[in-house]
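Chain nomenclature is as follows: A, B and C, assigned in order of appearance, with residue numbering initiated at 1 for each chain independently.
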């Protein structure tokens, strides 16, 4: 077919038409997906943004010019570029750039914890409800609907009010409001798959319910859930920032971006940078997740991506 | 048949689609003519027959591209027409009946409104006059209780009725040429004949030309005067329907042989053996 | 020859009396709503019981003696089993008793009734902006799929989903109020105009029009325009994206080709045929976007000092006024459920296939 000369080692292994092992097949899939991602400039931009986020979080002590908690009241509210503060200083003389860099850790912390809890719980509920059907389905869906009946922020507010302000409670509150969407998706996918011939075939071979759900249904739900999760992350960051803005998330002096905006609100008219810079950070990270999510959707669900 | 005026004459029609893997040629330089007669275009899916129908009405949407030396309709080259002039041709001079009324009728508009619209568009008639004409037309396609059907929605009527409504809608502006794109493929066998009979009668009574596009060779040969057989975007054979059994081209012969005959029982049905060389042959010109 | 002119479904449908069918459907819907509302109350009840704040102390104060504490404890019904407490709670909600606000010392429901119209005004104006600008934008994007009009819409949507609303609100205030002076500042009116116009609907725009007080009307406009535009932007981003999606779906349908075959101009094809089909799912989207605005308004109201429900809940939160927080949450939940129900009803009304 092609007159290419022999491809070397890894590339040849990844381009073969006849994978020799499941691992190789999966790696090839991964590689092709990666190529698609790279070829989509906006999606790749999103990926880079997230890479920068992770980088900042991991190497914060090395990247931040000064300690984020150090106050210098003499130099408070310095404009960007003055007194060595690249993005200016806040009302207590702390370097905004350093605070933003350290704040990336908090953002990443929140995002990771929510990403690990909400979709997993939603997947569990959704697949079991969809597969088992009957009254289990009814009850579980009723519960899901109840949680979906609240606007997410308001419910998170109510939870944090009950549990008390703090970053862990904020994460819990956000996860509680986020899981229903995944349950719905998982259930929808399960309903589509459950009547397929291959499920019947596996069942005829004697597979039990748990085996079917875990080994056969979950892998197929995975791509929708991943796409939804990446797109949701953008909204979750905004919700977390909103909670922080109201003082319900990470408590001072932690450099949470939403709380920084709240602190800078008083000075918005004259020292606009105090509130604007953290907001820009939130915007960029959220944008990154959205771009990446769109790109992932094109890769994983090309049919559905046409909208 | 020689005295008949030629309604439509297509010369060297090409339809191309740019895709990620290169240009796909759906129709590759075909030429044919249609008079006030019934011409069938037979082919399998991918043969380009549907695209041919749409090209005549210049309804090939981008990214598809249609080119031709000429598409002559009653003396004028349709390729020279502006979009506005084409809109006057569509429905009014040349009409098209599509395959499945479940999808080809607007689901949120009453049937009557859709038919009236077709009439008012080309006649400027009032709503009342259009309604009366529409009901007349519904009667002409043998729909009982036309008043009730006029106020129904497409999902409330059966397939056969929907197709008759389609025919009514497409014939109400009194076109000269009707293109029928697989008009009975979505219908039950029991209903097919009836719908065809209605279409046949109307076409004959009005002295219209008919282009009948189908994959069903037997149906086309029994219904049409002339048959054009397409394969791979080209015309591979053309002949009178009555002389089909004398067809020369191996594709046509293969199609004929694959049909079970009730008076010639065979132990094994022939399977069509496609020769790739057919795709490269010159397209047969089918002007008569 | 018998002809099957009516489909079996239509025949069956005509057989059962339409009245009976409607009652049956209503029953199912009613049951499902009640179940959801019940669950809603259950969740808020749980939240109230989980909180670390002692509800008795909130009422009697920290220095109350043991006897007073015991008396209040009994009076609040806290000695009864949880299930009984829950039913008391449900009964209270049904009769409209959400308790007293510890901040304002007034019944919570009364407070909420006072602030709700402000949120309503804001959300309604924002939805109008979203619909009037969003639907044509979505149509244009769909018709020009892939071209610059489409890309612009994509970016509008992308920005809408990525920007924190409270941040953009602050920046809006900074630019349009602080630097340019084009709009009014926080609050619904300038200080000296407050409470001049009698409150009929609670919505200042309407109330001032009723008495034809143009000064106050324009002042109210100058204050509402920025928050409504910001919320409207989010509404627009959502509605236009959905419109585009639905329109693309419709433009690929066969009946669109039929319309073109008939000789209709492309404009009529889009606006008369396609849009009619697009409106059906779109109505649901619009109603749901209205519901989402209730959420967005929470933070917007804080930024713009807008005395609405969102601001109320937030203030209550910061003052640990649990009755108010829970009352507000229940009301918001109720409105959400109500709007979802409305969208279902409207859908059945508008889609001839669903009747």
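By our rule, a residue touches a chain if its C-beta (ideal position, glycine included) is under 8 Å from a C-beta of that chain, and two chains touch if they have at least 3 such contacts.
Please read all numbers here as calculations on a predicted model, not as lab measurements.
Counting C-beta pairs in contact, the chain pair with the highest total is A-C. Taking each chain's centre as the mean of its CA atoms, B is the chain most distant from subunit A. Between subunit B and subunit C the centroid-to-centroid distance comes to 51 Å (mean Cα coordinates, whole Å). Mean C-alpha position of subunit A lies 26 Å from that of subunit C. Partner subunit C is touched in their complex by these residues of subunit B: 57, 59, 87-92, 95-96, 98-100, 103-109, 117-118, 121-122, 143-145, 149, 153, 155-158, 160-161, 166, 169-170, 173.
The touching residues of subunit C, counted against subunit B in their complex, run 3-7, 10, 253-255, 257-265, 273, 276-277, 280, 351-353.
The residues of subunit C lying in touch with subunit A in their complex are 35-36, 39-40, 42-44, 47-48, 50-52, 158-159, 161-168, 170-171, 173-174, 178, 244-245, 248-249, 291-292, 294-295, 298-299, 302-303, 313-314, 317-318, 320, 322, 325-326, 328-329, 332-333, 336-337, 340. Per the touch definition, subunit A reaches subunit C in the complex via residues 142-143, 145-147, 149-155, 157-164, 234-235, 238, 241-242, 245-248, 258, 261, 265, 268-269, 272, 275-276, 279, 282-283, 286-287, 290-291, 294, 306-307.
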